[in-house]
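Order of writing sets the labels: A, B, C, D, E and F. Residues in every chain begin at 1.
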Amino acid sequence: MKLVIAIIKPFKLDAVRDALVGIGVHGMTITEVKGYGRQKGHTEIYRGAEYAVNFLPKIRIEVAVTAEEADNVVETIGSAAKTGQIGDGKIFVVPIDHTIRIRTGETDADAL
Amino acid sequence: MSVAKLARATIIAGALTLLVGAPAIAQPAARPASTISSADTAWMIAATALVLMMSIPGLALFYAGMVRKKNVLATMAQTLAVTALCSVLWAAVGYTLAFTGHAPLLGSFQRLLLIGLGMNSISPFAKTIPEALFMMYEMTFAVITVALVAGSVADRMRFSAFMWFAALWLVIVYVPIAHWVWGGGFLARAGVLDFAGGTVVHLNAGVAGLVAASMIGPRHGYGSDNFAPYDLSLAVIGTGMLWVGWFGFNGGSALAADSRAVFAIVATHLAASAGAVTWMALEWWTRGKPSVLGMISGAVAGLGTITPASGFVLPWQGIIIGLIAGLVCFWSCTWLKLACGYDDSLDVFGVHGIGGATGTLLVGVFAVRAVGGTAGLMEGNSVQLLIQLYGVVVTMAWSAMATFVLLKAISAFVPLRVDKQSEIEGLDVTQHGEALQ
Amino acid sequence: MSVAKLARATIIAGALTLLVGAPAIAQPAARPASTISSADTAWMIAATALVLMMSIPGLALFYAGMVRKKNVLATMAQTLAVTALCSVLWAAVGYTLAFTGHAPLLGSFQRLLLIGLGMNSISPFAKTIPEALFMMYEMTFAVITVALVAGSVADRMRFSAFMWFAALWLVIVYVPIAHWVWGGGFLARAGVLDFAGGTVVHLNAGVAGLVAASMIGPRHGYGSDNFAPYDLSLAVIGTGMLWVGWFGFNGGSALAADSRAVFAIVATHLAASAGAVTWMALEWWTRGKPSVLGMISGAVAGLGTITPASGFVLPWQGIIIGLIAGLVCFWSCTWLKLACGYDDSLDVFGVHGIGGATGTLLVGVFAVRAVGGTAGLMEGNSVQLLIQLYGVVVTMAWSAMATFVLLKAISAFVPLRVDKQSEIEGLDVTQHGEALQ
Amino acid sequence: MSVAKLARATIIAGALTLLVGAPAIAQPAARPASTISSADTAWMIAATALVLMMSIPGLALFYAGMVRKKNVLATMAQTLAVTALCSVLWAAVGYTLAFTGHAPLLGSFQRLLLIGLGMNSISPFAKTIPEALFMMYEMTFAVITVALVAGSVADRMRFSAFMWFAALWLVIVYVPIAHWVWGGGFLARAGVLDFAGGTVVHLNAGVAGLVAASMIGPRHGYGSDNFAPYDLSLAVIGTGMLWVGWFGFNGGSALAADSRAVFAIVATHLAASAGAVTWMALEWWTRGKPSVLGMISGAVAGLGTITPASGFVLPWQGIIIGLIAGLVCFWSCTWLKLACGYDDSLDVFGVHGIGGATGTLLVGVFAVRAVGGTAGLMEGNSVQLLIQLYGVVVTMAWSAMATFVLLKAISAFVPLRVDKQSEIEGLDVTQHGEALQ
Amino acid sequence: MKLVIAIIKPFKLDAVRDALVGIGVHGMTITEVKGYGRQKGHTEIYRGAEYAVNFLPKIRIEVAVTAEEADNVVETIGSAAKTGQIGDGKIFVVPIDHTIRIRTGETDADAL
Amino acid sequence: MKLVIAIIKPFKLDAVRDALVGIGVHGMTITEVKGYGRQKGHTEIYRGAEYAVNFLPKIRIEVAVTAEEADNVVETIGSAAKTGQIGDGKIFVVPIDHTIRIRTGETDADAL
């Protein structure tokens, strides 16, 4: 089991979700996060002062999948989220030891 | 030092005034009720409501919309608490010391605790409305002036210290200046013109704010951290209410539902508009983008600047004054503040102080005899500009000096500022035990 | 049971009144148009706008600012929908049953659907303004009273059930009490003084809220979960609008732009201020920190309490009444509520109920003949206090009883409360299909 | 094409008017000051403040509350900037071209830059108040009309393009129509009745919005993405302020504190209430849940629709008109918009355009001679309905055509729309360099 | 060391926290997230349009525990968060290499 | 590859970011979270009731780094975020299987 964590541009969320549903992934959890990276933020004007806003809004997607599916999921997210412009984000694949579906108590692959 | 001497003289004179003023109790201000006009009363009640709306919720929103999330409620609390506290104090001692008696430095105790204020009482300053209404209308001015000061020390002043400051500053700083300029005091006698509070309200609050901000010191992280406003939309709502309420502020200062009130309102609205357009244009030009914060700053700059002039000039002159206001206040908020290095959190000095002084001087330039009875430089009466300057200097001197002494005195008992950890955690939680979710 | 008997008697009497009241249609209330005063009309239009502003957006904000995020819109929806629905009902049947005819228990059908209301119509209750304006002014009182009740059952009452409740409660509870106290009914004849709604509005809403909250039961998680308000800044904006709008509520109750209106307004403002200061001081003292929620609670307590007294007392007495309001309502919201264990979500009973009753009794203590024509205990007329007590008891009895019966009846058709899952999910989504993002 | 011919004829005629209108400068509009009524002045100042409050903060909130988080400040900025810019332009050229002179197509330059507007000036259109007040009152109408249009193109129009549009549209579209209907122009002479702006304000803004939205194209993601409002509570606050402010809008259009103003206000309030109830009921019935957005949409629909009728009908007819407004506007926002496929972001056409047209026609049906001096269909004067239709058609034609040409012209210099990336990122950051946190 | 990540229904937070405290777990970090899964969202009405809101509010709980405690923690969360209805959520157990308590510099089990 | 997850006090964010940039880490993702731990929350006053607010605002930082850099990053965060007072937070180091940069498709160390 793998936990695929992707940081993407907010406006790509719908595209990524549709792509994942397209390959049969029917569950995910998203978080509004802020990212710092090569993409420089904008400057905000505040009476008498400018502040560089370095942290930009991003969406963090978590999808738990079986180890076999992981590559496919990574690729799917990667192509759906890509704009080719700086700030597109990253994908991390992290191992999962166990998965449990709270409602039924099913575990691992059954729990997804 | 001559300042110290002046201060001493003033204090002694003030004390004497009280003695001198006392006998005035014998002379009832009340005149035949028949002079009360229902129409003027109708308008002045509405004007009073409008000015109160400027403070709560207007100013509370305007200020709270420019601070960080952790200080939103605390910023609102300052305006709220000032409104409550200073209203009671105004009724108890403020009104009588500002608007009764004939002494040049301070009023009398004739209306202490509103004693003698009856259904038929009329103030000599407003002969066609009930005195209680005049007292109340002026109360709303006192309240908003004190509340304005809070913007300079937002994000870091201790609530308890601010409460002491508000109560004492009202009596020691606001009340005397109001008496001098509006209550028949020495500035009024010298011919200083201030229709609705260029000196008494805006310059006074701005200078006090500057002194307080300097004494308390800059916010932790000033110049490095991101102090972007949490929710500017609150400030926009506040600006709308200030703008609309200002019709009562400037229009009501005519104390009657007449053409002068109307002229004041039209000039006010046009100055606000011109100020907003000017600031917007300046930002667009210097930074590439016009910010909403800039537009509302320009509008308030125009409003503050036209205030002393509103009942003395022609409507279209409001556009000129608003344009000047936008230029001058933009400069003071963006250049002067950085150059001098003080941290006036919400630019009370930059907008209200500079704007109030500018507007008071511009009365001397633009005053039209046919509107307010006095001519200015443009109509050949150049001395008026000097008189206006005199009013500005006296107000600045007293406001700065008395604010300084007062804060020093308070700080001997209560620290003016919260500790660093509390400042970082935010005043909402540390001063009031609550927070936006 | 005597209560049941009283109820039966009242119902029968009400029915009879309708018959008795009917002939009154023959007597037109309209009098020569020449008595209409433009000045009074100007003020009363403004007052009407101010009172409407108290409901929308005032009360909508005040209430919505004290609930959790998931119920913000639903709380606003209650005030909005009440305003719309009850306005139409007031025009259709409420006004005529409250303010026409001469029967002691209920008005006549003379103005059913506003029939006969012409450009020159004048009500005997307000002889210097158009009757349509008087009708409209009173409409805003009816609306806000019904909307106030919603605060007690916030966070859990089903929207459909609340709509039924609002419509029926207006006609069955509000209209009769308005007639008794203000429309020439038996309480007015007994000499009960209620300038702007201590009994009719505040006590009435408070008692109904308490009954409703008790019947519907406490919120899920009451006493254990964190019910901290989502965005108190909304409640602060709402308080500002309520406060300013109250000038129209109490000042407008003089129905003229005169000194009595002014006295009412000054007393009102001072009571709000004193109430806020008192609550702030009490919290500071008992909990170490003054909360913003406490300040606004104190202000509204002062406002509700001065309401019945405002046109009968001297301005400075507003300070005393506000101080008492702060003490009593603080006690009822912090101690009484916990002691009794009911969950009155937004303290409608604790603030408006207790405040309205206190204020109504205090009229009997403080009334000044020179202001409102009637003396109170302080001026030696001790019987007035008993008369006031009579007014309080009758209002409480009818409000409690009728509200109870009404809710029982409604619950036979529609469950009063949403199901537990919906309550947890929040009323915004479950009742209205939308939510704050 | 006849439209082109009409346009050409109109333009030539307009040019001629200016020549013809010029001599009128010789005839001073000012009349003896003694005709000024303090009471009417008191009310009209209040009304002016109320209408300004409708724009800022009213409309700013109403609109900002319906967009997504990333566009909240930009939406407010449009209303703010329009208020500032168009106020100055109105004083400079708008007022004189709309409300002076006797030409049928356009006013004169008699009051260019407010020249000649003195303390005693009185407009022939409002004989009991200072002309400056009349000028100012009408200014608030001009401002809100331009600001209304912004709702159609919210979320995507470039700020700079919108500023050009606002300035030019005011002069080219609003001013002529105001002159035709209210300034003694050809529609007024034809007998078109429009009490407070069914054609001039609402239909005009709605049609211009529709044209602009169609030309600029739908928002990116329209029909697929979730465009749910970020913070509907802002829109509810805005609705409250619009509703209350509308008392000044419709009531003030009587230009006096009299029974007609009162009738207008009562009809207005009842129409808003009935509109809200109707929309709520329709949503409840068709979708199972009444949304808050629906309630406020219904209220505003009722308000817009009653506007032209308010001073011509009986109060209770406001209920009928509000009900019709709710039905028609619900249909146009839910069915018509989808059927035609345009993306009118905040339904300016659906609510104001359709509502304004409906209301203008309904004047022809419901007008009561005893209220506004003219009878409608119900009182046997069927020709009035045709006259009203004529007013509607002319307004639609000019508004659509001139808006189209104007936008085409502007787009030759500035792209009307932001680029796709900026639209996705949000206008707050891309147009103003700031954002809600 | 394991990081137990649980996605639960928001109103179950208090119950889960109490249950964890009950078994001696005294630290956790929570995040407001949005979840997509079998539980279908509601439909929001927007003038003239309906939007399906697919992402529903959930709470994400992170608890770092020793490997031995992990099972107990998973079970505790599972039973406290369960309503038996669709949308109850998932639990993922992820391996942790190191843990550090910032205040003291303590590591691993001592750091919890 | 390691994912360093740090829970810190919000006002330490700027210090931590600067420290990380100082050691050459140029990417990170942050989330606003709430923490429960030894540090007790404050009490909020609500008309007639006090509520203990147990969950305190914290910032969660995620930084993906190569296995070699991990210790240095942990130390850097640890010293920058430290106040020595209770509630300073925790750092967890979790293994990453793969990393992908969406924009370029680069993987692992190149993707950081």
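In this text, contacts are C-beta pairs under 8 Å (C-beta built on N, C-alpha and C of every residue); 3 or more make two chains touch, one makes a residue touch a chain.
Computed from a predicted structure; not experimentally measured.
Trainee: Which chains sit in contact with both members of the pair chain B and chain D?
Mentor: A, C
Trainee: Between the options B-F, A-D or A-B, which interface matches C-F on more than half of its contact pairs by residue number?
Mentor: That interface is repeated by A-B.
Trainee: Of the pairs A-D and A-F, which shows more C-beta pairs in contact?
Mentor: A-F
Trainee: Could you grab the centroid distance between chain B and chain C? Build each centroid from C-alpha atoms only and quote it in angstrom.
Mentor: Distance between chain centres: 35 Å.
Trainee: From the mean C-alpha coordinate of chain D to that of chain E, what's the distance rounded to whole Å?
Mentor: About 52 Å separates the centre of chain D from that of chain E.
Trainee: As a quick test, compute the distance in whole Å between the mean CA positions of chain C and chain E.
Mentor: Between these chains, centre-to-centre, one finds 46 Å.
Trainee: Where in chain F do residues touch two or more other chains at once?
Mentor: In chain F, residues 31, 44-46, 94-95 touch at least two other chains, as defined above.
Trainee: Scan chain D for residues touching two or more other chains and write them down.
Mentor: Expected reply: 37-39, 42-43, 46, 228-229, 237, 287, 289, 291, 293, 433-434.
Trainee: Which pairs of chains touch each other in this structure?
Mentor: A-B, A-D, A-E, A-F, B-C, B-D, B-F, C-D, C-E, C-F, D-E, E-F
Trainee: Across the complex, what residues on chain A touch chain B?
Mentor: So the residues of chain A touching chain B come out as 44-51, 53.
Trainee: Which residues of chain D touch chain A in their complex?
Mentor: By the definition above, chain D touches chain A via 224-225, 424-425, 429, 433-435.
Trainee: Which part of chain F faces chain A closely enough to touch in the complex?
Mentor: 1, 3, 17, 26-31, 64, 94-103, 105, 111
Trainee: For the complex, which residues does chain E have touching chain A?
Mentor: Checking each residue of chain E against chain A gives 2, 5-8, 31-38, 54-55, 58, 60, 70, 74, 77-78, 81-95.
Trainee: Sort out for me which residues of chain D touch chain E in the complex.
Mentor: On the chain D side, the touching residues are 223, 226-229, 283, 287, 289, 291, 293-294, 297, 333-334, 337-338, 347, 350.
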